[in-house]
Amino acid sequence: MMTAPMKTLVWGEFRHEKKNPKVAEIYPQGIHETIADFLRKESEFDVFTAFLDQPEHGLTEEVLASTDVLLWWGHMAHGEVADEVVARVHRRVLEGMGLIILHSGHYSKIFKTLLGTTCSLKWRESTDKERLWNIAPHHPITAGIGDYFELPVEEMYGEPFGIPTPDELIFISWFTGGEVFRSGATWQRGNGRIFYFRPGHETYPTYHQPEVQRVISNAVHWARPTVCIPDICPNSPPLEPLSHDTEVAERSTEGLR
Amino acid sequence: MMTAPMKTLVWGEFRHEKKNPKVAEIYPQGIHETIADFLRKESEFDVFTAFLDQPEHGLTEEVLASTDVLLWWGHMAHGEVADEVVARVHRRVLEGMGLIILHSGHYSKIFKTLLGTTCSLKWRESTDKERLWNIAPHHPITAGIGDYFELPVEEMYGEPFGIPTPDELIFISWFTGGEVFRSGATWQRGNGRIFYFRPGHETYPTYHQPEVQRVISNAVHWARPTVCIPDICPNSPPLEPLSHDTEVAERSTEGLR
Amino acid sequence: MMTAPMKTLVWGEFRHEKKNPKVAEIYPQGIHETIADFLRKESEFDVFTAFLDQPEHGLTEEVLASTDVLLWWGHMAHGEVADEVVARVHRRVLEGMGLIILHSGHYSKIFKTLLGTTCSLKWRESTDKERLWNIAPHHPITAGIGDYFELPVEEMYGEPFGIPTPDELIFISWFTGGEVFRSGATWQRGNGRIFYFRPGHETYPTYHQPEVQRVISNAVHWARPTVCIPDICPNSPPLEPLSHDTEVAERSTEGLR
Amino acid sequence: MMTAPMKTLVWGEFRHEKKNPKVAEIYPQGIHETIADFLRKESEFDVFTAFLDQPEHGLTEEVLASTDVLLWWGHMAHGEVADEVVARVHRRVLEGMGLIILHSGHYSKIFKTLLGTTCSLKWRESTDKERLWNIAPHHPITAGIGDYFELPVEEMYGEPFGIPTPDELIFISWFTGGEVFRSGATWQRGNGRIFYFRPGHETYPTYHQPEVQRVISNAVHWARPTVCIPDICPNSPPLEPLSHDTEVAERSTEGLR
């Protein structure tokens, strides 16, 4: 079965990379370009990038209309993302676009808008090792990942994580310092699929690690839209006969949506 | 076990009642006062009311801080509810306050903010009978309700309903005109419990019906807060020894939340 | 991407067809053969059939080992299915095999074993029309199905349906006689996907109807295994250093699983 | 509000305690009696005990009929529990009885019957410390428990844990050796509430620890039955007029449940 290539858009905040030489050393073209690079190895993906300081953050109506799956990395400038653009992305996810939220994106406006909760957590930037346990070995997102994989050094995120109960819990992390975290989880919202994936602090080479790349690539496949259904709230005629009621016509219809 | 009375706040938009004589006839003091009246029969509830045209819609910081469970009826003026007040209610639900959304409140800002989806549906104001089937006979919200109950005439709401999968599906409605609807459903969001209950169009005497009163009263009991936990996102020291890493001090901490 | 054909096994009880001329008229070769016939139109499926009165009900170790997705129709002879065969199917689902349970299969041993609940319901064999509402328009199982479809005459199944909360609710049925039913639902159990689909009483030509065929065909695609993981419960060595404890060796290990 | 005392039955296998002096030293009267002792401090509980080697394992029809919440500890003799008694407990849970499964009870017949999955896991009896993180601070089961609590030495249980996705995830454990585990989880099955709680290996004094006692006591309160509904599968007359169909009478009714 021939299928059209998936328009995959990697969005990066692209600020740490310009300010912190340590980050620039790891991700010389930006985190988003590193992610785009490994996704381009998949022939089925047609990969684009965008970032905060572009007009409309690179997320115009046209760009989003043709995007199948959007990946999101942001951290220090969540507040600079325009509410109008957030509303646009929100609408597209509910219509069917896939969305993959990475690491500190847990505090992005779009993630909080879609989930409706605080999305808060514990955190520590130190020398923790992270071991991600595969809780869902049957899930397409964990294909090729064994029982677990390790990140030699990563920022710690700890529970409680202020999210609604995920539809599917994919990974749970163990940290050297004694914490645990639901580090991979999915939610269906409207017609779109959402995957949150914890790893990826800017001062570590996390996105160069093969297992991380594999999970993200799997997630893009999994998040592929099946439909694009705009929001409607229709006044619907009955499908079966109703009884006659002379009062109906007299009822006010003011305030009908 | 002695327990403190539950501060129960019934919020009504209170506009249809002033504009439409048909509505005023059914609910002379407003829908919110009718609901408050039957809730006052429960000795454990301490019942208050508030409405849109009061200062801050009657939902000041003080009022909300002492509210255990908030009930919400709105329809024609969702857009007039101030975003600041919505954010305040939102925060209180995530801290632990119970919230019961009634009927057309499916399109209220607070419901959409908490669920993150369109909350759209099909609708028809006609002569449908509604029969609500009890899908969860074990649930405290259905105590005293048998297999089903009927509303002789109600507005129709039909699927698909644009909500995240409920934690618990409580009622499914059958309508004469041929539709079905998930008319009772619960969600945990943060530390607060949310119940959506479909019936209650303003031009029908729905809130005078005993089964409807029983369900709402049960739901207030069920939604009682267990905790009040303000949102934090703490930098947390390790609980287990970490390895020494001389580079940690050099890492930038700009942009930390 | 070339993929191996999916081994699809349609299992039928094949008793009503031999005893009741009305059923034989609708399904001359048996319900299972009618289902197999329309599935054979999909080039990706390699379709087989089996039935109760074959040795081991046609469900030998070899047959099941090579089956990707199993479809199950049974009604009057659930009790004749050997417990040993049920255990075999059960194990295969937990390893990864897909399972589609049709209509009266709600009371089959395998469905009750997998779900752990009564699987009871209300029922009536009469002249009800059934209208199945599509609750999950984004789901692969509803591809090509619009808002709803109708079966002109079908047996009624009504709530409460004694099942665990489904992972995904796909269809809700409306019946002329006033009932509703969760008529399409999915569960993940172990590594296998399960879909229950309500329609298909033996005295109606339900499996000849295009929408029913489309849903079942979609479900076979959806239930395709991603893995085959045998059950293990391993004693696992630590991945991190443990403290020394001289008492460990003295502890009894009797009764270890 | 006066409420009747809750009949709480603590069931123990009571074998390790007789065979292993180390276990007998920690639990001289048996694990079940230690658990019963701390539950008896709650005035609302009426606490009884039973064990494997009693006639019918102490779980007669009469005993179960009057039991509100059953706690279950078993390990080395799961296979000796009679299938008939398991079916009896199963039926009572679906009717409404609460069930709390402790530690190695993950492999009990009743837990596997109710969940329908392997319930397998990784394990290691060594010197791990266990830290249980409170994932659900709003939940009645975690009342009085802070962010986490620790068990200085416990058996390790590791993921993947072969269970259906819990309705509510309550605790996640961190182990010194590098594993994580979903160590507190709830499921609704039929009208009964089920809580699985991981800690409690027989060679450690786990059930003497205050936090463990608090969680179990909270869970008994939470699991209190709301109803007792026997299983039925009724032929139901229509609630709305059906069209006349002369063929209905001719349809075979053989095989009706």
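As written, the chain order gives the labels A, B, C and D, with residue 1 at the start of each chain.
Keep in mind that, in the parts below, a contact is a pair of C-beta atoms (placed from the backbone, for glycine too) under 8 Å apart; a residue touches a chain by one contact, two chains touch by 3 or more.
Quantities reported herein were computed from a predicted structural model and do not represent experimental measurements.
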Practice task
Please decide if copies chain C and chain D contact each other with the same set of residue positions, more than half shared, or with different positions, and reply same or different.
Solution key: same
Practice task
Averaging each chain's C-alpha atoms to get its centre, pick out the one most distant from chain B.
Solution key: C
Completion exercise
chain B turns onto chain D (C-alpha superposition, degrees, nearest 5) by 180
Practice task
With chain centres taken as the means of their Cα atoms, state the distance from chain A to chain C in Å.
Solution key: 32
Exercise for the section: Would you kindly tell me how far, in whole Å, the mean C-alpha position of chain B lies from that of chain A? Expected result: 28
Problem - For chain B, residues that touch 2 or more chains besides their own - result: 131, 137, 158, 165, 167-168, 176, 178-179, 188, 190, 239-240
Practice task
With chains as vertices and touches as edges, which is it: line, ring, star, complete or other?
Solution key: complete
Handout entry: Contact footprint of chain C on chain B as seen in their complex
Key = 131, 133-137, 147, 158-160, 165, 168-169, 172-175, 178-180, 182
Completion exercise
In their shared complex, chain A is touched by residues of chain B numbered 15-16, 19-20, 22-23, 75-77, 90, 94, 104, 107, 113-118, 120-128, 153, 156, 158, 162, 164-165, 167, 176-179, 187-190, 203, 231-240, 242-245, 248, 250-257
Fill in the blank from the handout: In their shared complex, chain A is touched by residues of chain C numbered 1, 96, 131, 137-140, 143, 167-168, 176, 188, 190-192, 226-227, 229, 239-240
